[in-house]
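So, here's a batch of structures to check.
Heads up, the next two complexes both have chain A, just with different partners, chain B and then chain C.
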Partner chain A sequence: MAENDLAVIPRGRDFWTAFRRNKLGIAGAILLGGMILMALLAPLVAPYDPRQTVEVTLEDIYAPPSPEHLLGTDDGGKDVLSSFIYGARISMFVGFTASFIAMGIGGLAGLVAGYYGGRVSNLIMRITDILLVIPDLPLMVVLVALIPRKVTVFGARLEFPVLAIIIAVIGLLGWTSTARLVRSQVLSVKERQFVTRARAVGASNAHIIRHHIFPLVFPLMLANTVLVISTSILSESSLSFLGLGDPTAVTWGEMLHFAFSRGAMSGGFWWALIPPGIGIVIVVFGCTLLGNVLEEILNPRLKAHHLSPAYQPRKRSPATMPGEVKPAPASGGGGE
Partner chain B sequence: MSQRDYLIRKLAWGLFTVLFVVALNFFLFRIMPGDPAKAGVKDPRLGREQQEALRVRFGLDKPVFLNLEGGNPFDSQFFIYLVNLARGDLGISYKENRPVIDILLDRLWRTVVLVMVAQIVSILLGVGLGLLAAWRRGSSFDVWALAFSLITWSLPTFFLGIIMLILASSRMSLVGLTRTLGIMGGLGAVLVVLWRLPKVLRLADGTLAEKWLRLINTLLTWGGSLVVLYLFVLFVVRGGFPTGGMETAGRTYPSLASYLLDLGKHMVLPTITFGLVLLGEYMIIMRSSVLEILSEDYILTAKAKGLTNWQILRDHALKNAMLPIVTLIALNLGFTVSGAIQLETVFSWPGLGRTIFDALSKLDYPVLQGAFLLLAVSVILANLSADLLYSYLDPRIRNV
Partner chain C sequence: MAMLEVRDLCTSFFTPDEAEMPAVVDVSFSLEEGQTLALVGESGCGKTTCALSIMRLLPANGAIVGGQILFNNCDLVTMPEDELREVRWKDISLIFQGAMNAFNPVRTVGDQIAEALRLHMNMEEAIAKKRVVELLELVGIVGSRAAQYPHQYSGGMRQRGMIAMALACMPRILIADEPTTALDVMVQAQILELLERLQKELGLAVILVTHDLGVVAEICQKVVVMYGGKVAEYADVDTIYNSPQHPYTQRLLEAFPDLNRPGDSLASIPGYPPRLSDLPPGCRFEPRCPVAFDRCQVEDPAVHQVAADHWVACHLVEKLALSQEDRRRRAEQTRAGVEGGR
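So, the complex of A and B:
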């Protein structure tokens, strides 16, 4: 394996240059960043507080969009726009937290499987195979429905909020893609010369993992986590829509659940149904764009793949000496 | 390793996975504190003896895993469960008092029908459109195809279903529809022109006439897609398609043809919804696999030999490009099942997915357990057969 193929993961300024070149990535970042900003600034931006109790009359229920309620009201007479803005908070919180859990488990599993290989790797990969084959939404539905809220442990009564259970379930089932990715990366990094040299000098396994392998693997893990965020948000909204979420939490899935099961469809009250869905689409769309672009930039191997729209033949390659002619890429960008 | 060893290995692993899911299914529903299995008999209206009798009837008085009280050690809930499973007995529904297997079999084919039709349609369309997008890489069509796939992937299945329902149940007239869509389309066209115009005009090569031609080409592609969108929305809104259920309630069918017609009308909306979601995925995978193949050397050789584009496609590219599609179909089966749950809930389709949903709300645990088992095992078996099929189609992996 040539030393030159350690295509360095762009750091710092190189990264931003590469990132700025990709318009799709910027679009994704803007969409995602906009939503995060909106969620953080919710109390300032939203016209009403959806958790405040309101006294409503019949006219206030499912009222169409008006100057007081820009997106109308929902089944409880609450302003849809405010629910939408506040809903971003918990929806994205659940998505982010669940995918961090998945990143943690998957990263650990991938590192161990890739580095130690052999039986351990086999076992971990078998577990991921099983998890991949079992259909995810039915399993999540069953788990979330059956895990008890109240548990007595050693005489102490613990109560788990529904959101915690949902986050845990999504995280526990969503680590497989990260694990596979990390494992294949570790496998490719493990055989590089600097690792062999470190081992020859007497570095312990822990040291090698922490100082050599992990820094190369982590950026890609992060890119993969962004993609996992999008699937986590989709899962949470599906679970809430099916009625398994926390009815007191304002999330986009819950908004859809209430609107759907309380007659918004038959009444044609589209303003209660469309905004939360659009919110989900924007966040997932942004995460997907961003995640794909990050994966391209941060993956040393994928960088040369001719399918990537970001593929640009490098103007200066460390492998070419001055005076050498760089081989021209074949049609379509050329294979490796 | 020979092909036979590979097959045996795959089969053994598949069998193990099935057994694992069978055991998981059991423990999931019994070991959970709060014991869902006992929940069905805890009706407070029943007297003590009746509760006891129900418990004995459902076998809930036996120990869960191993019977250590002398006699037969296998007289426990787990082994009774396994034996019953082997006999095809999935228990009796708490709420409907019918054998679970009857309920499930009745619902299974309805899901299969819906899902199969959607899969077939979206595979055919996805393969075709993906191929076209790859062939015209970088063109407006390609960009449109990518955008479309990304958007449908980001849409939750149930939300797309809700949109379809809103469209189908809105009573917009033709004129109103045309006006609304015309405004939206006009805005979109303006945006597209503003976006593409600088790039199209900045390209240094070509005369002014060529630049105009490129601009017109862009406009036509986007305009064409707008027209398609308009016709599609028109179809859904004015088509008079039923928004729920599988059959018109209370109707009798004098002939098979009339039943099929009614069934077909009910199937249109859910199939379109599911088809759109799947279409995006298939299109993207087909596109990237065709792109990868088109850059291979043997394609260049074929072209140098003088084969026409169509011949190259037909004899070399298509066969190889279809391989990832086979894998994707298998991988998608799990996703299909998840989508089916959402779809059937939104469209009130009486299939397996909605059975799970209903059993959940009615706390009918035997049905829930049986349905989950059925779903998981069928996905595993389908994945297994897809694996085997793939190894038959692609000789390269047999010798792994």
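So, the complex of A and C:
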């Protein structure tokens, strides 16, 4: 069976049939997809532009929900709903880019460590150990606070926006789980005979990694990335909430930061606090659901073994048409 | 000069605590152009390790610790990795044991056969595709199935696909590591026929790793009988079958069914091949050898040449040769004595 585990990674149509059956996965996809759609269509959906300068009177500050401002206004007299919709853009942008950085670094580190082994692997894995042991948030706080925003490199003055630094810090600290996952998978894939065969054919290490190992590891990396996105968004919000973000950018973390530091809590202005909180929860929850389901589908090893007592054979649903493709063939070639 | 000459090849595996497990010791043989050589022996006798050593494809814990593998007068053992990459598949290719696992499950068969063409011949995509179809048809697979994935092939087809892949770059030597295990007799016969035909058509030299002595008799010219990582006997096929000298070869042949005597029960060799971590001090076959004597327990036999093309590693051969020598000498002495007495 072990030999065929990877052969049953569902692809294409099989993947969709397996995915459609999973209600949690669909729920996650809808939550996340809805938020992404909202962020993309922000100028069309939002009633106001949060970057617009508005003249405010005292009544406009922390005004409760009303027909003009469906979710009330914040400490600056701005529409909370609009900020919430625009905030989704930056929050998710930061989350996604940081996770892609993490996936790139983690994937590369995992591939190299797993394939070459020995000292290289030892070095990379000790680095991940160290990063895993240090609590993430305090380290991020320290790094974001310490990294200079203006750097002179060879006479050229470079200035980084705070968001870029936040993205870099989250990305550079978030790759460890991906690296471990990829490494473990590579360790098992590289012992397979087709890798020896590729070597016999005269392929170089780089060729083997690119054409034979990466395609088998990629699905798992993808599932893992979706999970990393949720932690990245959470990290970004935490950093902004703690006041380390870009005060001019509209993000959910900034919204929480301002509402919290300017008396929304003590004044009972719940409309300024709850929407960004709910936004974060929806995205994180959506990512986690989707990521877990993707991982379950793409990594058949996580499924209960059919001999274990916990295993419950899936009942054939009456809706299954005779011509429909079955999601996971139980055995690929064990009997041959 | 033979095309491939293996001299005193020694390959060992190393356990994590650095203990050395000699899997192949002092194996020597040579292969001429167009010839078929068989490596036979029980499982765990070092046949596959020997085959993999020739292409230097040993797993990470194995290494060639001595000897030479001369191909066209170049030593493959000391050749740098990038030069070796050129030799692999272009000059020497390999049919893996159990072709089921030699294909990457997520790439099409055609794509994987084309891989060798692209790596060695810098072939353009379209030409490579045509060549893949040719190759598949050569082994009796419809060309349109190049676009299919390995799991869509049957076991025999995958084996034939593997052969097509092995032939992709027109190699001069083909190492076939048990090409017919896990196949039923009909498919097995087809595959062997195919190999034989291709060998005749393309002038390949073949090293066949097998434990099927029937196959060996049919298609091989030379035979290396291995036991416990060492050469037990090395001769041409007729000699091996008609006058085997090593007790292991004799027992091995006895263990093979004889069609002329269908009523006979098959002989077997009691016991198992030695474990690499627990080798006997003397001859490696001694614990199972029915004709072993004292010397076998303490001294490992050297390889004796008993005829022009016949090598045997057994003390008995030496004893036989010695006793013959002895008799001759004694006869001479008596003759001399008689003459001196006159």
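In the analysis below, the second predicted complex is superposed on the first by the 294 of 336 C-alpha atoms of A that agree within 3 Å, B and C clash if a C-alpha of one lies under 4 Å from a C-alpha of the other, contacts with A are read in each partner's own complex, and residues count from 1 in each chain.
Note that a residue touches a chain if its C-beta (ideal position, glycine included) is under 8 Å from a C-beta of that chain, and two chains touch if they have at least 3 such contacts.
Model, not experiment: these values are computed from the prediction.
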First (chain B), second (chain C), both or neither touched by A:117: second
First (chain B), second (chain C), both or neither touched by A:211: second
First, second, both or neither for A:243, with chain B first and chain C second: first
First, second, both or neither for A:260, with chain B first and chain C second: first
Which superposed partner A:234 touches (first chain B, second chain C, both, neither): first
Partner chain in contact with A:138 - chain B first, chain C second, else both or neither: first
First (chain B), second (chain C), both or neither touched by A:199: second
Contact breadth on chain A, by residue count: chain C or chain B: B
Residues of chain A that lie at the interface with chain B and also at the interface with chain C: 332-333
Parts of chain A lying in touch with chain C, wherever the complex brings them together: 3-4, 6-7, 9, 11, 117, 192-194, 196-204, 207, 211-212, 215-216, 332-333, 336
Touching residues (chain side chain B, partner chain A) in the complex: 13, 17, 20-21, 28-29, 32-34, 36, 137, 150-151, 153-159, 162-163, 165-166, 169-170, 288, 291-292, 294-296, 300, 333-335, 337-338, 341-342, 345-346, 356-357, 360-361, 368, 371-372, 375-376, 379-380, 383
Chain A residues touching chain B - in the complex, by the definition given at the top: 126, 129-130, 132-139, 141-143, 145-148, 151, 230, 234, 237-238, 241-244, 256, 260, 265-266, 268, 270, 273-274, 277, 280-281, 284-285, 288-289, 306-307, 330-335
For the chain C and chain A complex, residues of the former touching the latter: 55, 57, 60, 85-86, 88-90, 93-94, 96, 98, 100-107, 112, 115-116, 119-120, 150-151, 154-155, 165, 182
